[in-house]
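Below are structures written as structure tokens.
Both of the next two complexes hold subunit A, though its partner changes from subunit B to subunit C.
Up next, the complex of A and B:
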């Protein structure tokens, strides 16, 4: 879980991210960030997501649940 | 579909680029995103300048300009052309075929097979495949393959998804018979269930252009476009390419009895730098062998990117040298195709502007 959070932080160009953080509040949250997450997850977790799956998440916690679920 | 050819070669490549250079920054103000976010997109995707046709310039105009240059410079005789292939998604008209128009413009002999092929990102590979098939005939000795697209007018200026990367261009490739019996390995794959991942919804017979289709709507990412505009499901295309292209290349290498190291150049379609680097990682190829500098300099002109990549990165060197190349295209259709062949000792490999 910690590893995933740090990879998400890297994609979003943040120092750290927390489960309660709202995705839309990140400075670089946009379609590029979503593509970055899709790519990172496919490389590291061998799972394929669509942009809509990622958009349906509100917080970092939701995103982690989706990716690791 | 696995195909194999012998005794065919590329004799020359000419890339024709529009003179007009448009920068990312010039268009950034049209997007509904903060500047900081757009500049991050520029950096990660490798966007910078792209070449855009002047108003009224069509795909066929670039082909005619290129062919005229080839005739004027004595690189090919008019009566040597046995087939004229026009691979494009931006024909002059629904009817007649644009290849016939070009044949008529130059008054080429009646014994010329003119053929329009509706293909995009894999248009160079599909065009070469068709050229090789025609060259199996005794009476066909030289095929002129024209890849051309002017799609920039179809992309909304408010679409940050597609506007920064779209480029217009044409390339003319002469394909001919040779005594060299070296095998050419080709793989072509299609998946029409994903046909709508890259589409211009209105303007064909299914949905003619109307006042309604011209109205721009905002998508979930914040881009504005109408049904008359090109639309790309970026996530679907990215996932498709990463899933399908690496195994296709690995299988093709295996069929050719080669390893990834045996290939000198991976000349791939150029969607953006990010995607090409991910592909190089997945295939196991150093970035230096897979150039990814076409989008940043000229934009993505669908099927024209592979010949542009060869002309730009190797230029006249390819007139003296010969390399083992792996060519690949992937996108609209969905279509993905790849070719392993020797390319070199060309009689010309140049870029001109129009």
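Up next, the complex of A and C:
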């Protein structure tokens, strides 16, 4: 879980992220960030998500549950 | 002395399809990084022509590509009359997220390895046998693509190489590039299943392309029927450019 948070922080250009952080509050939360997350997850977790799946997540915790679930 | 056509990226997608098609008409040198897959491909070819393999990782061993090809030319006493560079790699990512290793890999495979492999074909070892170069570029090289800037830039470099080499090597060698739109290959199949992939294909009046569509054009460019065509980047995209 910590490794995933670290990778998400990298995509979002943050030092760290926490489960309660709201995705829309990040400065770099945009369509390119979503593309970056899909790319990162595909490479590291061998899973393919639609942009809509990622957009449906409200918080970092939601995103982690989706990716690791 | 036997003459050969060299195909990079021969074990997958467009290169694989082209290798199978050309095996009936040409002696081939197939370049790939996975020896097992090269052997499997070669075992499927039953024609009378010779097929050799050059096992090389065009990313990690790009700097050795020229010397490895020269060794093969000398050890087998062969001549190469055509090169088709199909090897390609991509990593969809926002440019702000692009890392140096990924940029190096994409440029090594897509453009720098082609330069390394073409050079020895122009030297004494190949004794002026080279007649034709076809470089597989991409529609992204002229239209750009969100999330694929590094790939598009590497393919744009292939287009520029095509024009300059066409001038430099005429009239002995013809040099052309092909810019396909989206073709269904192992490299694109995951993307095509995504929501973005489905939406992307809606801008293709003739639907998604298949490797054989690119093979048909490549065979045409390799033939004498195109003896007055050089320095061109030919778009083949099922009508995508009309949008």
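Here is the rule we go by: the second predicted complex is superposed on the first by the 69 of 69 C-alpha atoms of A that agree within 3 Å, B and C clash if a C-alpha of one lies under 4 Å from a C-alpha of the other, contacts with A are read in each partner's own complex, and residues count from 1 in each chain.
Operating definition for what follows: a residue touches a chain if its C-beta (ideal position, glycine included) is under 8 Å from a C-beta of that chain, and two chains touch if they have at least 3 such contacts.
Only a predicted model underlies this, so the values are computations on that prediction, with no experimental measurement involved.
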{"item": "Joint occupancy of subunit A by subunit B and subunit C, clash or fit", "value": "clash"}
{"item": "First, second, both or neither for A:55, with subunit B first and subunit C second", "value": "first"}
{"item": "Touching partner for A:39 - first (subunit B), second (subunit C), both, neither", "value": "both"}
{"item": "Which of subunit B and subunit C A:27 touches, first, second, both or neither", "value": "first"}
{"item": "Subunit A positions touched by subunit B in one structure and by subunit C in the second", "value": "13, 28, 32, 35-36, 38-39, 42-43, 48, 50-52"}
{"item": "Subunit A contact footprint on subunit B (complex, rising order)", "value": "33, 36-37, 40-41, 44-45, 160-161, 220-222, 234-236, 238-239, 242-243, 274, 278, 281"}
{"item": "Subunit C-facing residues of subunit A, complex", "value": "10-11, 13, 28, 32-33, 35-36, 38-40, 42-43, 48, 50-52"}
{"item": "Residues of subunit C defined as touching subunit A within the complex", "value": "91-94, 96-97, 146-147, 190, 193-196"}
{"item": "For the subunit A and subunit B complex, residues of the former touching the latter", "value": "13, 27-28, 30-32, 34-36, 38-39, 42-43, 48-52, 55"}
